[in-house]
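Naming follows writing order (A, B, C and D), and every chain is counted from residue 1.
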Amino acid sequence: PFPQGSLKKRPQSKRITDLYRSIRAETERLAAPLSAEDQTIQSMPDASPTKWHRAHTTWFFETFILEPFLQGYSVFDPAFNYLFNSYYEAIGPRHPRPSRGLLSRPGMDRVADYRVHVDRAMECLLETADRPILDLIILGLNHEQQHQELLLTDIKHAFSRSPLFPIYKAAPSPPNVTLPPKIDWWPIKSGLYPIGHDASEKGFAFDNEMPRHTVFLEDYALADRPVSNGEYRAFMDDGGYERPEFWLSDGWAIVQAEHWDAPAYWRREGSAWQVFTLHGMQDVRDDEPVCHVSYFEAAAYALWAGCRLPREHEWEVAARRFHSDHEHTHSQHFHPASLTSSRQKAIRQDVWEWTASAYAPYPGYHAEAGALGEYNGKFMINQMVLRGRSCATPVGHDRITYRNFFPPQARWQFSGFRLAKDR
Amino acid sequence: PFPQGSLKKRPQSKRITDLYRSIRAETERLAAPLSAEDQTIQSMPDASPTKWHRAHTTWFFETFILEPFLQGYSVFDPAFNYLFNSYYEAIGPRHPRPSRGLLSRPGMDRVADYRVHVDRAMECLLETADRPILDLIILGLNHEQQHQELLLTDIKHAFSRSPLFPIYKAAPSPPNVTLPPKIDWWPIKSGLYPIGHDASEKGFAFDNEMPRHTVFLEDYALADRPVSNGEYRAFMDDGGYERPEFWLSDGWAIVQAEHWDAPAYWRREGSAWQVFTLHGMQDVRDDEPVCHVSYFEAAAYALWAGCRLPREHEWEVAARRFHSDHEHTHSQHFHPASLTSSRQKAIRQDVWEWTASAYAPYPGYHAEAGALGEYNGKFMINQMVLRGRSCATPVGHDRITYRNFFPPQARWQFSGFRLAKDR
Amino acid sequence: PFPQGSLKKRPQSKRITDLYRSIRAETERLAAPLSAEDQTIQSMPDASPTKWHRAHTTWFFETFILEPFLQGYSVFDPAFNYLFNSYYEAIGPRHPRPSRGLLSRPGMDRVADYRVHVDRAMECLLETADRPILDLIILGLNHEQQHQELLLTDIKHAFSRSPLFPIYKAAPSPPNVTLPPKIDWWPIKSGLYPIGHDASEKGFAFDNEMPRHTVFLEDYALADRPVSNGEYRAFMDDGGYERPEFWLSDGWAIVQAEHWDAPAYWRREGSAWQVFTLHGMQDVRDDEPVCHVSYFEAAAYALWAGCRLPREHEWEVAARRFHSDHEHTHSQHFHPASLTSSRQKAIRQDVWEWTASAYAPYPGYHAEAGALGEYNGKFMINQMVLRGRSCATPVGHDRITYRNFFPPQARWQFSGFRLAKDR
Amino acid sequence: PFPQGSLKKRPQSKRITDLYRSIRAETERLAAPLSAEDQTIQSMPDASPTKWHRAHTTWFFETFILEPFLQGYSVFDPAFNYLFNSYYEAIGPRHPRPSRGLLSRPGMDRVADYRVHVDRAMECLLETADRPILDLIILGLNHEQQHQELLLTDIKHAFSRSPLFPIYKAAPSPPNVTLPPKIDWWPIKSGLYPIGHDASEKGFAFDNEMPRHTVFLEDYALADRPVSNGEYRAFMDDGGYERPEFWLSDGWAIVQAEHWDAPAYWRREGSAWQVFTLHGMQDVRDDEPVCHVSYFEAAAYALWAGCRLPREHEWEVAARRFHSDHEHTHSQHFHPASLTSSRQKAIRQDVWEWTASAYAPYPGYHAEAGALGEYNGKFMINQMVLRGRSCATPVGHDRITYRNFFPPQARWQFSGFRLAKDR
């Protein structure tokens, strides 16, 4: 993370105080439909309990901002440093990640108290904070927004493991299914292109989006929308999950070991498919973008379709060219909307889009010294970059230069994909 | 289970109604100190969440008694049959045991409603129930008492995994440590002895305690009390956990793989030992019986001490001879009391006692037909019998013929042992 | 083991020298059909390479007899103590069992040299050995015979894992299938019976067969022959592998996890069954005893058949009553012979017979001090006793008091079973 | 694979026949020191038995060349297609990779017969083969050379697991240790550079080295030699393996789980280090390149040293600039030579060099249709590219455009690394 890119033209403290309040409140709003029991469970090591997300994001402010910078600040509970440190080796030992679901204590209410305690102290600090501290606060807020998305994807996974298939939030009544038009292709000419966040511009960016640098790209074209469920079903109907010729070797091994035959959360209901969503079990709609697929499935589909996945640079260059600033209004649903809509051509859609690029440092990247240097840099191996945003991404958190990343087998994020091709 | 042994001289319905109310209320009393989050977590596949115990014992009455015998009974929630069936294949498929900790729903309160719903129906049924049904109800109550003990041992295990080491219940102020006198030996002469519950006597017994049959025993002697922590520490100090010559081969493998160097829940604190209890972390007391040891540790100690563990028949024959009916008053503590007390010579102590006997059917045993035939019989492999009772056993639940059983590596029960020797 | 039982009336040295030569030669005769590669592979942790068996049995003589008792004996290779110690903790650390198949060195020929080196030294020692040493040599020879059987069962398992299904030895031409007559029942009256080897009698026995002691048995009857393939197929055809009501809980879990639907080494060939044998792939014959079943399968069959498995005491008492001394001539085949033959009524058949008895020490048993005390005693947990002998047991190695033992899930031995019932 | 890049200016059949003979003979020469037992064992799923390598490379010629193109060719043994297919899904099912060590049959001699059978047929085919077939033969020979290197690294791993630490080949007497001079830096200016094999040039290249394309590079510098053992020991002495700040998160997890504290094959001998080599156990020499390190260790060292690993493009561009055609003569040793030598400045050294580039297709890459399309393309995930060559790489097999690839945790190859830095 860190505010390298945002040192100039810093927003004033008042604006940041408002931002702080609204983002912190949003976390609680997202947790509100969940009972104490819901907030406690952990359904796989990659996912964390709601309660843990609420406490960890609070710990982040306490550890990296209040402890060093607010004189006289008194730590809420010394045990929490061990419990809610996620992965910062420089901070010290921590509770094992796969055992987060064993933490019945602190309870939901005590976590709420923790948040209040830290928020009060943060309000004090915000009154007098200068730029370097404000930059850290903005980092903390972006961090909290990342966990807001994870809170949703993690509880979705947990609920999907319950035979009761609990509903997180009632669904709005859906429009009729109308298939989206065929994919159009956005053409890009070969040449040198700038990539990444320009540190001299205003606005926050994570450190992994910098430094801005130059790449050479050959001619290519990018699809003007993600692949739909309907299109993905044609791949399935053509034996996509039974034909090794489309699959990377490691992907084929998972398909067989895990008996994958559809995206995650899909299940057969007679001859039809249903999908588990945060709004409950629904029919699979052909006009929605395919979602909860792994990189392996995205790559297999692309090969089957005679195309390929875009490299992250290709995605970014096309996005810069073809996006519109006001293209997206958050639906406040927690499921991808139909592709048939005014938003159809937007680069930022309701699903994260797998790219063909391994997550690696940009030329010239150096992680900061100290604990916050662990934020992004140490994960740059065995992960693929996703671009865009999803229906679970908080409003205002996405950017054209944003680099999300997950291992190629991950499916519990709202992950889809868009095709590319050489020209 | 089952009421084979208790068909004659059946207590009247009124007495059973009182018993029903008090045992059902005791479960809720045991769960009361636990928060919604506490009641949800599962720390290992062998252990179950508190909430699950509360619901499963209720499901037992609903499934085996109300559904078949109460006309017009309406099932509380059809999904619960899948969620709260423990292991009855004849009843149908069920939620996987290792995933019980993922059940945030039904919540604690809905489980309370479930209990009320079933209790009301049971009260109706009790008004008119005749013997065979009353026998089933007594079985259900004994079943619930077994789960009361498990509720305690399971939450103890879960709490032991938390870095916060939560306290289930405040500890009473303990007496000073006074070492118990040396072990005395109860002698038994060789001969033919009856073993097991006599079905013609009044009183409940599980099916695995029957039929009564005859065994021939050689001369032997049984220790008049369990081994104490102080004695066990002498074994530890003599290198007990580092000397393979005392250990069964499988036990030695576990010692090395799991780095066992003391009973479960013990941890080194400088040069002293502490032990995690339901009353919190405490100093290890030399006058308490050693507890939370596996069969392997019990057998290793016995070999080191130049003795052996008693066979279950030997335990029972000596118990019949040397017990006193009024020997034990439940301490209402959830930790073994000091051996130095008036209860010292009691056969039924505060720890279950490992015997040298594999859990096997008595000659002539036949499991009942139907689902309840799965209660005991299908577990008669790879388990060792424990006799006696523990500080967590409900008052009135123990019997001289009672056969508890666990795999030899299990340590999360309140398990200790008593020595025997040939004469 | 040990020669406790054989101290009196010791055979002279000459006879033992002959025995030594013939048993040692038999091992080499059994290994002869196997190539260097065949002798090297290990197909599961429980099984050992042929080469390892040849070396380990030699190490046994070197370590327990030559080193302590032959003055001036020079160890063949000091590294072999680490490589070929099986499980004797008192002897020191050893090569991990699951990695025996990684020992390409010493090669087959060097192992042959090792055997010659030790045999020469043993011949020297035999010239002057007195009783205690002769007793150890007899133990060593019985040990080698046990490994002869394992050599066969282990290479059978290894070959079964090869897509080529190698043939260990050509099969004799088989007689026509003639179904054996229905089972007859040998009745035994209730009473006190002696069990185990009498140390005052001549003849070798392992320590786990002693001391002789008394048991009380109720009336029972034992089948006069093992269950046949034909009978077992009726169980299979009746859904035996799909009906949990016949199975112990742990057994049912294995059936499902391992997809068991027949004895080990059986495989479907259209609508028929074939079985892999040391003579190659053959049709399953209904007149052979069922073989390569686990304890779980034996117990499930018995329950299905309305019978039970005999306890080991019951087997021994009936064997004493009904066996004939000259009942069995070794077929020199390595597959169970048809039950339809003059040998039909013999107590000692071509398959080991699972009993309902857990492997436990006899009353009064004490393992010897020192390394040889580890021979049997430390395995007395989580194993079931098998009685009788099998087609792979060396001639002269079996006894009515012999206690073989394996974990209940083991199937790679020639294990079948015989029914019993109460009367 | 495939001969796209070599369609023009094809060498005549005579030259290829000579090449065929010499490369095939080299495989047998490499296997010659190994006994039948040595050639059979498999010490981990990633490694294969020698015998398997000898048969699989033969199967490659039989399957992809003789079967389709030699009229009347009779397959040596139909079972071999199942046994020796490595990973070609299009060819059909195959023996599971982790079970290659269970294949005692076919024996070493029969594999030799297989090689002769195929070689004879190949000689026939070579007499008349035209270009497309000759191209396939060249692919088959390059494939065999890759397996020659694997044969060596795999037997090294297997021998390292033996307590006897067998010697593959006697070591030449080594020169004295003379530390290499400090690293010099080769500077490269920013600009557009061509990358990859030019298909219009003569000479073979694998498909993953094509197509040639353009990249833009910033200013950088590449070290003129790999990092030495001496330098790596300074990292170790500075707590390199205990300080998480240098490690990627996944790397740190392995360091802790596997207790890594030095390169693979190193072991402490008092206060010194020894290393297991194909020439036996040796002292670690400070003047040799560090070897058998994972990508994680290479990256951690680079961070500690204030540098970074080169991207594969950077390596290739510098190699093109600074290599000399005659720079390397194969030492015929199977251990990296000292860096202090005339070869010091060579780009192609005795260790493969990890780069910072994930293995991905070059822009415009398309795997061929059919089974041979599986040769490289389907592994382009979760692997890092290594450049250069090693002491085990066959003479003539390396190229500046060569892309080797292994998962970041792999250590059993001769893998070292070279530093880079921005300027």
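Heads up, the rule we're going with is that contacts are C-beta pairs under 8 Å (C-beta built on N, C-alpha and C of every residue); 3 or more make two chains touch, one makes a residue touch a chain.
What you are looking at is a predicted structure, and each value in this text was computed from that prediction instead of being measured.
Note on connectivity: the fewest steps through touching chains from subunit B to subunit D is 2. Chain centres computed from CA atoms place D at the largest separation from subunit B. Inter-chain centre distance (subunit A to subunit C, centres taken as mean C-alpha positions): 60 Å.
Inter-chain spacing, taken between the CA centroids of subunit A and subunit D, is 38 Å. Averaged Cα coordinates give subunit C a centre that lies 47 Å from the centre of subunit D. Within subunit C, not a single residue touches two or more of the remaining chains. Pairwise chain contacts present here: A-B, A-D, B-C, C-D [touch as defined].
Chain contact summary for the complex, subunit A toward subunit D: residues 87, 89-90, 192, 213-216, 218, 244-245, 247-252, 295-296, 356-358, 360-361, 363-364, 373-374, 378-382, 408, 422. Here subunit C touches subunit D in the complex through residues 35-41, 43, 51, 79, 82-83, 95, 99, 101-108, 158, 161-164, 166, going by the rule given at the top.
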